[in-house]
Amino acid sequence: MQDYANLDFERADRCGFPEVIYGASKTPEQIVAIAKELLDAHRVVLATRVSERAASIAAEAIPDSHYFARSGILFADRRDVPIAGGSLEEVLECENNARGKVLVCCAGTSDIDIAEEAALTARIMGSKVQMIADIGIAGVHRTLAHVDDLRSAHVVVVVAGMEGALASLVAGLVDVPVIAVPTSVGYGASFNGVAALLSMLNSCAGGVSVVNIDNGFGAGQIAHRINCPPERLA
Amino acid sequence: MQDYANLDFERADRCGFPEVIYGASKTPEQIVAIAKELLDAHRVVLATRVSERAASIAAEAIPDSHYFARSGILFADRRDVPIAGGSLEEVLECENNARGKVLVCCAGTSDIDIAEEAALTARIMGSKVQMIADIGIAGVHRTLAHVDDLRSAHVVVVVAGMEGALASLVAGLVDVPVIAVPTSVGYGASFNGVAALLSMLNSCAGGVSVVNIDNGFGAGQIAHRINCPPERLA
Amino acid sequence: MQDYANLDFERADRCGFPEVIYGASKTPEQIVAIAKELLDAHRVVLATRVSERAASIAAEAIPDSHYFARSGILFADRRDVPIAGGSLEEVLECENNARGKVLVCCAGTSDIDIAEEAALTARIMGSKVQMIADIGIAGVHRTLAHVDDLRSAHVVVVVAGMEGALASLVAGLVDVPVIAVPTSVGYGASFNGVAALLSMLNSCAGGVSVVNIDNGFGAGQIAHRINCPPERLA
Amino acid sequence: MQDYANLDFERADRCGFPEVIYGASKTPEQIVAIAKELLDAHRVVLATRVSERAASIAAEAIPDSHYFARSGILFADRRDVPIAGGSLEEVLECENNARGKVLVCCAGTSDIDIAEEAALTARIMGSKVQMIADIGIAGVHRTLAHVDDLRSAHVVVVVAGMEGALASLVAGLVDVPVIAVPTSVGYGASFNGVAALLSMLNSCAGGVSVVNIDNGFGAGQIAHRINCPPERLA
Amino acid sequence: MQDYANLDFERADRCGFPEVIYGASKTPEQIVAIAKELLDAHRVVLATRVSERAASIAAEAIPDSHYFARSGILFADRRDVPIAGGSLEEVLECENNARGKVLVCCAGTSDIDIAEEAALTARIMGSKVQMIADIGIAGVHRTLAHVDDLRSAHVVVVVAGMEGALASLVAGLVDVPVIAVPTSVGYGASFNGVAALLSMLNSCAGGVSVVNIDNGFGAGQIAHRINCPPERLA
Amino acid sequence: MQDYANLDFERADRCGFPEVIYGASKTPEQIVAIAKELLDAHRVVLATRVSERAASIAAEAIPDSHYFARSGILFADRRDVPIAGGSLEEVLECENNARGKVLVCCAGTSDIDIAEEAALTARIMGSKVQMIADIGIAGVHRTLAHVDDLRSAHVVVVVAGMEGALASLVAGLVDVPVIAVPTSVGYGASFNGVAALLSMLNSCAGGVSVVNIDNGFGAGQIAHRINCPPERLA
Amino acid sequence: MQDYANLDFERADRCGFPEVIYGASKTPEQIVAIAKELLDAHRVVLATRVSERAASIAAEAIPDSHYFARSGILFADRRDVPIAGGSLEEVLECENNARGKVLVCCAGTSDIDIAEEAALTARIMGSKVQMIADIGIAGVHRTLAHVDDLRSAHVVVVVAGMEGALASLVAGLVDVPVIAVPTSVGYGASFNGVAALLSMLNSCAGGVSVVNIDNGFGAGQIAHRINCPPERLA
Amino acid sequence: MQDYANLDFERADRCGFPEVIYGASKTPEQIVAIAKELLDAHRVVLATRVSERAASIAAEAIPDSHYFARSGILFADRRDVPIAGGSLEEVLECENNARGKVLVCCAGTSDIDIAEEAALTARIMGSKVQMIADIGIAGVHRTLAHVDDLRSAHVVVVVAGMEGALASLVAGLVDVPVIAVPTSVGYGASFNGVAALLSMLNSCAGGVSVVNIDNGFGAGQIAHRINCPPERLA
């Protein structure tokens, strides 16, 4: 194939899902070429941080690809029970035979892009996913109103910028793992997400682990692994 | 007086309370000598970050001085209605004719030293003070149980280490100013209080301002200024 | 309402003023839609960090909205005694029955945008506000010339970039709370406001608390809370 | 009870395990007093970062407590099928009816303290635990020799200092969640664990989430939550 | 010559290769003028971080110059056995009488620009160079498949962003010097290459030294010095 | 005058030169208006960090103003013996009756902008100035060739980016004060000048003091104060 | 001489004063051996950061050495008009034929150690020195009371910790060079002097240059060079 | 063997020298036990950062071990042509049949510990080593006096703290690789070696690569690999 990439076709066997394309530092042409190879090999392909321009080129080369501009997620699904695309709600609510559920919540309107990246990743990998937006700690009653939802999930992903306190609040309310995603939302001494990252790493509530700033994809992937363990371990 | 100090005897007039002695980088002898001069001039003296050794030397030189080992506060009061000393509870509960109240709360047992520094400072300067310990966000019901207390104060001081999320939680529940004090409680990526400091600076809830890490004194002083405005402005 | 927001209509009761719109990471359409809902519910709406483009869209949707380009403040006021808009001077000087006064001062010409954000926030929330510009420490006589103004206020907001020393200077001259706002004015080792932030957190003068870099809004809000305590506490 | 603590006896119901005592900033007397209360209420108590001196005081007050000096873990277990204490091997290998397994591995001999903290935490909370030491990336064959072990676990905890690369290596070999624990092992530009922390947050291999530097406890807790979901979700 | 530069024509004698032009902060006109002087004096000239616009101006002024857009390398070679230009493959594979070999490998597709800068630098200075792309640690079998290549070189340059773990992995497999180049590939807590830089500085595997973030040129130069010692030392 | 500025007309008496306009965060209109006021009051005006657009507006409003695009310096001089403008060389070499000399040297071609800012500042304030470019430490013979020049000055300004080592080298060769200016020239771990700043602050050679990154103006001003002490002290 | 040192006996000619011993990382034996060699060669020797233990060993080996415990300065003077030792006041006030004066002032009592280091350094090198303590910005009238002293000096050294604002205040009052010395006095977000360092580097008042944190020696040396230019330049 | 270590006996074959013991975070007993195993297997063992207490325990268990207290190096050599121990000079000068030479130089007396660590490491691994102390940039003539030595080596190790400028100076004088070792010598803004590290990473002179702060061992190892390439590559 290309001289710039060395695809890892064994990753699906080794790690449970094929290699995912990190679109941020690739040209549209590289993204499309790699996507086609992976789609041929695995019948599903997922790419993150895809620009609108790359997505429109992909739309021609892979007509059954779906793109979510807010989160930069591009995917195509030719598996036996494919996800048909549509709005975020349609994708999250289409039929799914996973046993557990991933709950993705976010603190503010500005964190929705990253929350969507997490939700779509977990959904495309095979999990059921519920998403709840804008329940940040400035109005704690909004969070408490969702305690039953929170406790019905096998794993909760909390997406928050600024001081990232929602992760601690949620972790104090549940007995399942919490994956915290700091976002770069904020200004000044938020230092592009560092404040939220440190806050989450120092959560006084147990059961929280953290991924990189704005790494909705990583949170979605680990949440899916928690929610749907490999069959050999069942 | 001494060659190493240049006391600011006009500070009481200018700023509402006499110069306060910062004990951390002074010798016991320096602390005692300055304390005596200030006590003579103003009939009250307050020193912070006083070591046990300095306090015992002060106890001889100024027999009516009081010392709180946990917070390092040393004071002597010869004003018309003096604070008589005793336990923290006795000091906070002795008669006081201030109109409003400062509420000092802290997130964990480990933050009590700094909370005590804030509470004693505001009390010695003239405010009524209530203190509530260990109501951190890992058990949000503990915080919610004190909403009426929180809303009965003219200003709330929130003392918290680790991720410092209690400041945002409290600020979302009250309509008075919140003074947040990050503490150095924690380890690793708490960076000696930096995580809590950044968290508090980025609070998504309004009405929060912040003082230096472990600066209970500063929080107590500004809380008192809010609680008891100068008489000329009444 | 929208799926991206979960408005907190109880905030006015809980925290004294309705939810304020943080415009920095929202689309113009989101800002306008949320503003209309809040205005209907509370008869007043305030938005910060609003771009000129969002403001012009708002001007059509909410014809009685007012916009201040320098500070990015947008508001509309349909309360019983509304603020009629106009220049900053007109807004600050229109009739106001608050008892105390917020004084906002800034160090240099470059800090005016943030000072205006603080002043307008406190004014719209209900305080009397006076503003004094360009009295930085390089010419200390300029600051000293305003000592009477400084001491006539219930709370002083100090806005300064570079080394942020004005906060310490002012705090040494007054006996009321000082809210310090570091700004990102400067270059090189100012690190976008970090130098001023650290300077203010370490003020050797008492009575200073600090908000996030460039957070004029936060300073205005806390200053208003100090200046106009809730009626139930009177 | 004590005035310095406000125990959260509902935490077992809410979060799956009783409140755990963070021993680092408490006096031996505080640790013992809190431990006795929790043990009475829940029949099991766990404390972390307990000093040798505190442990010897606890040994008198709670004769059936067990202490692991290397990791600072103290526990007492009066549940129906208690852990009897003994060496780390004895604790890990005593009978256990959990279905899945937590695998804890570490990169070097110096990381064992933190790995033991993680392993004991997960074991005391109820998981089966296997531990493998000193398989760092400088000799990749040592890691590869354990691939079958790695793939037999429901979750892998990777403990590593210096450059922390073992997390990425392991994550590339498994399809289950990887919880990475950076340690403060190293010198110079390791910045007390920051290098490992950043390395783990930026892992190019998927499925990795991270806890605070030296937070073996947190990793053990979240690993247990992944390994043993709450029964209501089964 | 120009008043803005003070060329160091003795550098070839002193340091083994003429002065190299750092194009990043020079105008196209400055680059071309300096390049012509150096080419006249030394019959070879190398410039790094050359923009496309500067390269097109150079193409007119120095028609036998060659430009590689991906890495920003510009060179012209009028030595006795010149490098004729062409694709990267052609340049690396043209005749070369050096005895040893520099191997340049990189972790991901996104690191190729910097790898090419290293490879071309070493090649133009006189070394044989082999380049292997996309063998990062997420799929360790890809690295292990190249062990023979790695062990056939006199020095290995490892180029990697994100967590930069490839450097440690390679260093554990070879007995020759490893020059590690962190790249700015990544986001969030990669801090523009700082995570990779720290990771490489803390490598637990021996034999690794590090150059600045994105400094492919520096790595190529030092690799060449290792690979081709000065003749006087033979 | 304007409401946004509060000019300090006494600064010339107090500090030896009128207030200087910091152009970076002012509009062209503000710069011109302030410049005209200062020029009327003092017969000389200096502005730094002036954009080309602001300079062209100033050229119309103040026809005898001079602008240096490379360094962003704008000035107008109507003193008794005015500087007539022209090229940098012409300005530096025009008649001057100062007794001592400021020597400004820089490490590389890329540092010239800042060196020019320093040189023009000192010259306009009244000093004799000599400037030497591109004598960085990579070719130490270039520095040593100027030892006599260095030792003929009353003060040396050293401008350098990257590792900033020229300051130490020069300071080891002279017995007069050295003012070091770190520049933001560099990439990666230069952190926009922080590497040079730290290097200069830690100089092992005596007699070095440092100004902010890229602060050629500040260096020129302090160099002039050293070179031309106030007459009252003669 | 010793194998661990390579004394630079030409430094007095080249840089105006003999090599000064940096005592912080040398053994007492090394300090004494080097001191004796330098004293023999130059008739004066100065050592900084000398521990009490090293000083007592030196007192035996060099009976005419003088030691100042507060600042760690050790010196011996066998020049024609030697400094006889005694208290700081005696040293500063003994006869001196320098023409200008260095004024050293500090913000607080805690900064006196570093101020003394600066004052003694400048005095031993040959300058007249005046020292004023505890005139920090919290009481600006204390600073203003010394304006005449400040303006009578050829150079002012300002020593301050915490927010370091005294440097800006003084620089706004004088027309001579100001050398600012940040100290590590403070806690929390002072970061051991970083807050003061950044504050001083960003001074909005002109004429300030800065030395390393706690580098009283460096400030004294550069102040002396400014105050007493080399005779060849007279 | 022990449960805490998993020795890598193949490292000698794979990487050219047996596993080296990092003594900093191991107990004396662990060091001795591992040392004996490695010595039995390879006939040579090297340990770094060994405390005096661990060395005295080793002296009993391994009577032919040698210890250098200044650098913390411990080794035993039972190879065919063993290093007999003795002073640093004796070790460096004993017979050696390597073809090339490693030159280790350091800037100041305080850097000697780390320089010795580098020199002994390279020597024990098999290289010829020359060491030159105290040739820092404050007296550039001291460096220039050793140009012939510098140019006679196959690789130069430069050890320097504070501003670390010696690396750039040396790199500008030679045509062989320079390995730079920043040391933690310094105070204040040296940040325990960070200033020197950044300085070296940003060297404007070519051919410099860098190891971790105080990592003399790493520099010695890579220098040896450069100086003595594996025989299979000859």
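Per-chain residue numbering starts at 1, and chain names A, B, C, D, E, F, G and H are given in the order in which the chains are listed.
To be clear about the criterion, a residue touches a chain if its C-beta (ideal position, glycine included) is under 8 Å from a C-beta of that chain, and two chains touch if they have at least 3 such contacts.
Everything numeric in this text was worked out from a predicted model, so none of it was measured.
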Check: Minimal path length between chain B and chain H through chains that touch?
Finding: 2
Next item on the list: Count how many hops through touching chains it takes, at the least, to reach chain D starting from chain A.
Entry: 1
Checklist line | Chain whose mean Cα position lies farthest from chain F | finding: D
Margin query: If I list every residue number at the interface of chain F and chain H, are over half of them used by both copies, so same, or under half, so different?
Written below: same
Check: By how many degrees does chain B turn when fitted onto chain G using C-alpha atoms, rounded in steps of 5?
Finding: 90
Next item on the list: Report the inter-chain centroid distance for chain D and chain G in whole angstrom, where each centroid is the mean of the CA atoms.
Entry: 52
Margin query: I'd like to verify one number: the distance from the centre of chain B to the centre of chain E, where each centre is the average of its C-alpha atoms, in whole angstrom.
Written below: 58
Next item on the list: Give the residues of chain H that touch two or more other chains, as numbers and ranges in rising order.
Entry: 14, 108, 138-139, 171-173, 188-190, 194, 197, 201-202, 205-206, 212
Check: So which chains end up touching which?
Finding: A-B, A-C, A-D, A-E, B-C, B-D, B-G, C-F, C-G, D-E, D-H, E-F, E-H, F-G, F-H, G-H
Notebook entry, point to check: Along chain F, where are the residues that touch chain C in the complex?
Noted result: 3-6, 8, 10-11, 14, 22, 24-26, 30, 182, 184, 192-194, 197, 212-215
Next item on the list: Under the touch definition given earlier, write down the residues of chain H that touch chain E in their complex.
Entry: 14-17, 20, 100, 152, 154-155, 171-179, 197, 201-202, 205-212, 218-219, 221-222, 225-226, 229-230, 233
Check: Mind pulling up the chain E residues that touch chain A in the complex?
Finding: 108-110, 112, 133-135, 138-139, 141-142, 185, 187-190
Check: Which of the residues in chain H end up touching chain F in this complex?
Finding: 107-108, 136-140, 144, 162-165, 168-169, 171-173, 186, 188-191, 194-196, 198-206
